[in-house]
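Dumping the structure here so I can ask a few things about it.
Chains: A, B and C, in written order; residue numbering restarts at 1 for each.
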Amino acid sequence: MTILTTPAGIATGAADALRKRPGADVAGSAFKWLLIGATVFATGFLAVLLAVMIVDGWDVLSGNLWYFLTHGFSQRSAGEAGVWQGIIGSLQVALVTGVFAVPTGVATAIYLVEYAQGNRFARIVELNIRNLAGVPSIVYGLLGLAVFAQTLRGFSGGTTAIAGGMTLAAMVLPIVVITSVEALKAVPDSLREAAYGVGATKWEVLSRQVLPAALSTILTGTVLALARALGEAAPLILVGAATGFMSFGDANMFETFTGPYTALPVLIFNFARQPGADWGVNAAAASVIILVLVLAVNGLAIYLRNRFERQW
Amino acid sequence: MTPEKALMTQEPDATAPEVMATAETVASQHPRIDVSGAAATPMAANRADTQTVFRCDDVHVYYGDFLALRNVSLSIAVHEVTAFIGPSGCGKTTFLRCFNRMNELIEGARVEGSINYHGVELYQDEVDPVEVRRRVGMVFQKPNPFPKSIYDNIAYGPRLAGAKRSELDDIVERSLTRAALWDEVRDRLKTSAYGLSGGQQQRLCIARAIAVQPDVVLMDEPCSALDPIATGRIEELIAELKTDYTIIIVTHNMQQAARISDMTAFFSVQANEMGQRTGELVEYAPTSLIFTNPEDPRTEAYITGRVG
Amino acid sequence: MSQDSSNLSAADLRTSAGRRAWSAGARWVFALAAVATVLVSALIIWTVASGAWTFISQVPFDSLTEIGWFPRRGLFDLSTLLVNSVQISVIAMLVAVPSGFGAAIYLSEYAHPRVRKVMKPALELLASVPSVVLGVFAISFITPSILTSFFHEINFFNKLAAGIAVGLLVIPLIASISEDALRAVPLALREASSGLGARKVTTSIRVVLPAAMSGLMAAVIVGFSRAIGETMVVTIASGGGDTSLFNLALTESGGTFTSAMAALGLGTDQVAGNNLAFQSLYFLGALLFVITLVLNMLGDLIVRRLRNKY
C-alpha cells in the first residue's frame, strides 16, 4: 500500500469508507432489538395478563356475567357468588376517599405553590409528602385500623366504608398533592400578575384565574388517584373489608356507609384464597372486571390530560 | 385642572426640606441628585401647574440581601407620560413595579425609602396593595389576557370592584373604545381573547387596565413583543390616553421614549466588587432635554451609542 | 374616568373589609390542609411506634429468633420474614431491572417520538394494574403454566412466582424513573460522542448510561422499596403469611413482612384483644415503615443530586 495517493485515490477511498455496509453494526442492531424486546416485555405482559384472566374466567364471563355482577357473596358455592357488594363497596370507598383526599390535597398544593414558596414549613410539608408517597399501602392500613376505625369510631362507626375510604384518602393524598402542585406550577405567572394588576385580592386571583386554569390537570390527577384507590386491597384488609361481610349474603346492607363493607379487590383476594378451581374462575372473572374498570378510568384520565394539555 | 388643586399638591413638597417649595422649575418638580440649573428651561413654564402623583425619596429595592436599585428620588407628574430607559438589569422594571406594590409578589423583595402617592405613603401597613393596584393599573411586557372571552377579560376587574351587572356592558364598550379596539372586536366579544393578534391582545390588556378606572397606568415594555405596526398603534394610544391617565412606561426602545414621553428617567447599572449589579437613577429630565442635551456623560454615551 | 384625587388618605387605599377577610381566611384554610398532611405522617408514626413499643416491651426476646413465624403460638422469628421479603424483592428486581432499563433506554434513546408518545402513557396504564390481579396471575398462570415446566417439585404457593409477579408490578415504576434520568442527560453529551464518530450503541452504553448512573441507581432503590412493601401479590402467591417455617428454597411458600401483616389483619376480629399476635402487626408495620423510608429517602437524595447536576 502506498502512502501517497492521487486526489482521485483519496476520493474513491473516502467513498468506500462512507458507504454504509450492511451488517457492519451487528452489535448496534442486537442492542436495539434487545431494547425493543425489553419494551415489548414491559408493556406486553398486560395483554398476556388480560388474555389469561379472560380465558380463566370465561365460564363466568360468557354465561353468568349479569348474575355475577348483580349478586352478593356466598360462601356456599362459587357458582352462587357474585361481586355486587364489592362494586357497591368500592364505589362507596372511592367516594369517601375523594371527599377527604381531594379538598385536602388540592388545598395543600395551593398552600405550597401560592403561599409558602420555600419557607421552612413548606419545606417540611414537601418532604413529608414525598415520604408519604413511599409508605407501603399496608402501613396505611394500620393507620386506618388504629385511628380511623378505633379512635374515631364515633365518626366512622368502626371498620366501615367511611374508615376504609379515609384510609385510602391518606394513601392517595400524596398523589393528589403532587399532581396538583405540578398543575399549579404550570400556570404562568403572567396570568397571576394580570389579575393582581387590576386589583384582585390573592383569593380572587386564585379562585377566578389560577384554579380554573389548572383545573383540568388537577382533575386528571384526582382521577388517577381514585383509580389507584379503586385497585387497592391491602389497607382495606386491615380496616375490616375482608371479614366485614363474611357472615352475610345480603346485598342491601351495603347500601349504608356505616355498616360492614367490602371492596372489589378485596373480594378478588377472597375468591383467590378459597380452595377449588371454581373459585379460581370467579377470581379471574372479577379480575377482568376490575382491570377493565381501572384501565378505563386511567385511560380516561390520560386521555383528558392529553386533550386539555394547554400550551401557554 | 384648577389652580387650587395645583396649590394643594405643593403641600407635601413644602414639607420636604430638600425640595424647593414652589414648582417653578422642572428641577424642583422632579428632584434628583446633582440636579443643576441646566434642567430649568423654557419647558418649565408650562409645567408649573402640574400635580404630583408619585413622589419618591431615596428608594432602595432589595431582593433578599441583593440590592437591586439604590437611592432613587423623583416625582411623577399627573397626566404626563414618563419613560424609564436604561440598559438591561438597571432596575427600571423593578422600580416600575414599586408604584403598584407588584414587587411584593416576588419572594424576598423589599422596598426602603419613601414612595408617596397623592400624599399617602404607599409602603405602610394601613395601605392595601389590592386597592393600590386598582388605582395604579399595569400593562405587561407580553400580552397576558385571561383565558376567557374578550368581554370577561374587561369585566373581570370591574366585577371585583363591585360593578353591577347592568353597568358592565357599558364599561366594556367604553374601555374597548378608549383602547381603540372596539371596532375590531364588537362582533366577537364573547369569543376567546386568545383569538386576537398580539397587538390586539396588548390593546385588550390596556382596555382591561383602564376598565377599573385607574389613576395611573404602568407599562412594562408593552411593545417589546409586537411588530412595528402594532407598536405604532400602541404608541398612538398612549398619546391619547395621557389626557386622562398618568402613564409610566419602561422601554428598551429609545426612539419610542423620545416619541411618546414628556419626561425621561435614565437608569444605569453598576457592579460592586462582589459582582452584584445595582441599578441607579442617573438623570431625570424632560425628554427633549435628555435626548438633545444630556447632562450626565453616561446618559450621553447610552443615547448616542444607541440612537446616533 | 380617572379620579382627580389630589390628596388621599391611607383609608382610601384599603379594599373592602369583606374582600380582605375572604382572602385572609382562605390562606388559613389552605395552611390548615397542609398541616393535615403533616398530621397524617405524625399519626402513622405514632400508631406504628406505640404499637411496636407495646410489642417490644412485652415479647420475650428469644421468641424473635425461634424456628419460624407462628404469631399465635408466640413465635416471632423475624429472620424468616426478612429472608423471604428480601428473596422475593431480589427476584422482582431481577425481572424488573433489565426490562425496565431496556424499555427506558429504548424510549429515551431510540424510539420515534410518536412511539414514545404512545408508550409513555401505556407504562402509566401498566402502573395502575391492581396488585390483587397480579397475585391471581401468579397462582393461575406463572406457577402452573411456566414454573412447573422448569421445576418438578414446586409448591402451589411459592416465592419464585410471587417475586416474578412483583417484578412485573414494579417494571413501570423503574422504567419511568430511569427514563427521566436518561432524558436528563444533556443532548450535548450525546452529540459530543456522535461527533467523535461513535455509534449509537456506543454512545448509549459508554456515555449516556454512565451519566445517568445515579438516577438508574435511584430507580433500583425505589423499586426495591416498592417491592418490599408490596402486599397482595405476596399474600396470594407466596402464602405462609399466617405461619411459616424458616426456609431458603424459592420453590417453597414463605411469609413476608407484608403478608404476615395481611394475615394478622384478616384475623383482626379474633386477635384484637390485648394479645401479642395482634401487637406484632404494629411491630412489623414499624419495621416496614423504617426500611422503606430509608430506601426512599436515599433514592430521593440521589434523584435530587442528579437534578442539580444538570
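Methods note: a residue touches a chain if its C-beta (ideal position, glycine included) is under 8 Å from a C-beta of that chain, and two chains touch if they have at least 3 such contacts.
Note that the coordinates shown come from a computational prediction; the quantities given were computed from them, not determined experimentally.
Of all chains, the one whose mean C-alpha position sits at the greatest distance from that of chain C is B. When every chain is reduced to the mean of its C-alpha atoms, the one closest to the centre of the whole protein set is A. Two chain pairs are in question, A-B and A-C; the one with more C-beta pairs in contact is A-C. Centre-to-centre separation between chain B and chain C, using Cα means, comes to 54 Å. A separation of 50 Å divides the Cα centre of chain A from that of chain B. Distance between chain centres (mean CA atoms), chain A to chain C: 13 Å. Among the residues of chain A, those touching two or more other chains are numbered 199, 201, 204.
Touching of two or more other chains is recorded for residues 15, 19-20, 23 of chain C.
Counting partner chains per residue, chain B shows two or more touched chains at residues 130-131, 134-135, 160.
Interface of chain C with chain A (complex): residues 15, 19-20, 22-23, 25-27, 29-34, 36-38, 40-41, 43-44, 47-48, 51, 98-103, 105-107, 110-111, 119, 121-126, 128-137, 139-141, 168, 171-172, 175, 199-201, 204-205, 222, 225-226, 228-232, 235-236, 258, 261-262, 265-266, 268-269, 281-282, 285, 288-289, 292-293, 295-297, 300. On chain C, the positions that touch chain B within their shared complex are 1-16, 19-20, 23. Across the complex, chain B meets chain A through its residues 100, 102, 105, 107, 130-131, 133-135, 137-140, 142, 144-147, 156-157, 160-161, 205, 208-209, 211-212. Across the interface of their complex, chain B is touched by residues 117-118, 188, 190-201, 204, 208-209, 212-213, 310 of chain A. Looking at the complex, you find that chain A touches chain C at residues 25, 27-28, 31-32, 34-39, 41-43, 45-46, 48-49, 52-53, 56, 103-105, 107-108, 110-112, 114-116, 121-122, 124-125, 128-143, 145-147, 159, 170, 173, 177, 199, 201-204, 206-207, 224, 227-228, 230-234, 237-238, 240, 242-243, 265-266, 268-269, 272-273, 280, 283-284, 287, 290-291, 294-295, 298-299, 302, 306.
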